[in-house]
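Here the structure is laid out as structure tokens; the discussion comes afterwards.
Should a chain be cited, it is by its letter among A, B, C and D, assigned in written order, with residues numbered from 1 in that chain.
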């Protein structure tokens, strides 16, 4: 599978990956190894791996086998000094260390795109879903100014489960008016838990009605992503009126997070029909698509008409994992909510590493990199 | 596993099963074969099976192997004349034929408890979940009167997915006030689809965001079960103010339906706390428990405090499949709804055949059988 | 995934598929839709589908969705008159009808490559595994002669489970001497059973120690494929000294058949070491590779050194499904057999339709098509 | 499920469990908690658990929840001083510590039944499968003599995968003559790997063709179990002529190990028919059955006639996990071997803890305890 298409005139960039041996780090490395313009030149991990070749240090779990062109890189510690030659660094670090390490990279003027949760709620760090709020990248100017930097910055991508809410909401709100409340129940894949993840004994003939810490991220991350960058006030302003009521389940699926979403519109006098909502999602074209970022999918959202779609096995790879599929769009016959739909996203591509790659491509095209 | 305990003075009853070769019929037969007071004496199926022994006619899928004491019964057609010696008949018929067959049995003055959907919405047929609305059995008097019967009647049990809503709601409303709206997302087991059910190729590493016809049953069945039998007006009165917004998923689990439920209380000035809701469910004792029906579970609802329960594999067999387990009871921090919880029920016991068995036991103790 | 590479000078051929709506037929159509030189121009099925477009007639299960370029073909009956404009026809017919239909096509002088079992044991029909005995295609001359044909012929591909034996044996025997006995236990994927295949309820947390009819095919098909085409005697001569002792299991895997094989060499004085056997498989280059058939894999056999490989999920797609992977090659420490190994093959590519496609490519290059 | 029936006159015995928090230790505790004559009075584990109650120290994974009557026991270190009040101790210790700890218990004159592999090959320790070689318990006299003990001893149970070979072989050899070679391919459950065992991501849609160390145990353990206790020579004599050629696979099943076995008889002039072999297994009654041990199953082997049995899900619980099921008994049509069959055993009952419990019951009845 090709993850991205080359774009004429797009400059070459040297990239590093922090936390390269973990599941998110491996996905970063795979996407970079196959990228037409980004080149993986530095990989960092903990002391246990430092000094080994990437191949020796890693139990590769992400696909058939580790791409040959990156296996011979030498793993270093996650210290800025080893990443000075990088134009940009991607952080797949565990949250136990990510906060402190990323701060040091920022101080050392090195641009970082992070998948870790540590800085997502930090008001001085943009939280960017590429097919939703790429405009928040412009906040980089404010961030640089206040940190006295000319090159470095720190941008986060969102939690994998938030994707199923914010992308459809961005599309719907663009033409149907504001949504101010929703109830979401997710069915999330085991790969979201990293390696090795839940055991066979636990998941076989079963699902788990809980994912530690997950539900708490849904409302604040959604509010921030769907918020605005106030240029005048030089601040990121959250959508504080948005209520997100969440229940997160783990199911026996390898990849692909599903979200069953019921929404309510703010303006009770102008509730759209299911057809209008579907049309809004079909019409939606995000900025990364308009900019023709190399990894941008043809469609940010693919709307399915079949009654029994989307399904993880059949639909997670839509748009090479960058497209989310939405189906079962319908009016709520009970009137308890307005519109109900089911969304499916590839949790390790658009829901994690892929988001940061696409964010970085946009940063290049916007001149921040 | 013993499915019920003998009760002193409980009379012996001769029972028949309609649709005996299907998955619901097999479960009826298994529960009756192991019942201390009910005896299976007649089994009916379609022309293909008629004349064969039950053992010959059936590909047994319900447990290790068909109980020996019932294998030698001769299968007949589902004609009332072959069931005249039965005190009661249980219908596991497919909905393509159930409506018409059950009408004939009613006309022939034979009591029928049915799992089929055909008459559930019929205002002249009680729809009874044993641990919720056993009082609706008293409507049998009206039904007999209007049909000129002295012995026969027709009572339905509910859809398997409705159970996860109505049992908790009955308990909560009993002490916390009326609920008038809810959003529910179910994760339902493949056994709910009967034999053979979804294929391995379809379900492996997957789940299906749709079950044909299922969502449409949720609101009307809930409204009827949670309604009242108006003795004066001789009518079953639905809870028409209750809004049930439903999304039904099929997951890779053999038995056990889960329901993620978010509820809103009618009286906005008296919304209970999560602790009060939990206590309401812990305190709940249904009528079949008070009557000490042989198959009544010790608890109608088992409330779990562990963060990651209930789980289908661990909890579906609670109370021999007659208890539903409820966990994750919490206040909705977003304020979109009031209380959120996850319920799990055994879809082929309390969610189907077991419900009708328990209904029949109550009917015996109430003198209708 | 690209299934084959274009080859300069390879002529265009118009192709038909018989049994186009079934699982084997769908795979034939998919491989042809993506083929650089073969063009799908005719599709046949039973009366139920005849007259509809291919898209209307088919519940597509083989990949995301049916390739667009073939969906508009009109399905006809499997009658030779509708396939006169085809250069070659691929039969994915069910064995209940394949024998008779294929005979009619042969009589009508239309070349047929069949996946059905009906003619596999017929001494006048070559049974060809492309990476093993492509030389048997030369028997087409004899077949044509005795049927008075100038264009038509009938060639079968083997059963999907036989592949795990004959490809390694061909390679080993090529440099280590004859094997005259073996014991094989297979773990076969559910896709081998066609649509819909075993149910979730049956396969979950389970495997089935039996596949109807499968074990009986193992010895005769192996003997025929590993036999010789005796040019002088104008006959296909089986390896009648080869003993194949087989046990076939069905496991909860979507695609990929495994075979645990223990072999004994005929010459007890010259039993090779595990290293020699591995080398033999590494060195093996089949005729279709030498001929550079468009779909020929780079390696007929990929030998794995990791202790826990091959695994269906990780290795079935090796060589786009045309390469078989072999691992755990070791000397039998007990001395009961000589060499033990585990082989894995993609049952719907090299184990079925893909084999016939590759056979057809070789037939083109050898001038029979 | 009741695991054993009370036996009149059977004395009460106080029992301890070493390694009580692990998967084998949990199963020991469960079987003892439900045992009519054995009482669990002491539980030992590592420093991490020592001092806590058993309930606090343990993540219970073996069934719904830990039996209440044992949860309040205080966990001690695995030091003999804490087990002086035990009549017998069961060792579910990990092999990294079992060898040394069990030696100390032996020295301290405390009887030990062990599931660990450490002493299985020790010629001074009986290796006993209760339904096969209970007579080897008499070697306890020799062991005590040479260690100067009057009460203590050490007896091991076998590896879980060996069960599928030795029980059928004991039965067949009892009436059909000696078997001197066999090829076995196993499909083993994930619970055999302890907690947490293989991950979902690894096992989903997959199986693993290797279990570390497993194949090496098959021949030596089989030879010892099927050997004789030579009373005169005071030695356990192995069946050194028996060749066991083994391949061990891990499959996506929670409990239940399968073995596909092909055997060859020593006397080539007297090879039995499949019917004779089946009859031998049907007729087989082991000593623990004759002695009426409380946990002895009604049948040591259940022979199945259905073509597609035994299956893990349907048959692992036969005889409460103490019966093994054997099916597909047939003559090898190829002549490569003589008789082929498939055996299934519950790996955590008869294949582990249950074996030691049954051995202990026999030791009581034989006067060693």
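Convention: contacts are C-beta pairs under 8 Å (C-beta built on N, C-alpha and C of every residue); 3 or more make two chains touch, one makes a residue touch a chain.
Just so you know, these numbers come straight off a predicted model, no measurement behind them.
Of all chains, the one whose CA centroid is most distant from that of chain D is A. Across A-B and B-D, it is A-B that has more C-beta pairs touching. Centre-to-centre separation of chain B and chain D, using mean CA positions: 42 Å.
Chain centres here are Cα means. That of chain A falls 50 Å from that of chain D.
Annotation for chain B: residues 204-205, 252, 254, 314 touch two or more other chains.
Partner chain A is touched in their complex by these residues of chain B: 181-183, 185, 187, 204-210, 212, 219, 243-247, 249, 251-254, 258, 260, 262, 264, 307-314, 327-328, 332-337, 340, 342.
Per the touch definition, chain D reaches chain B in the complex via residues 1, 64, 204-205, 314-315, 317.
Considering their complex, residues 61, 190-191, 195-205, 252, 254 of chain B touch chain C.
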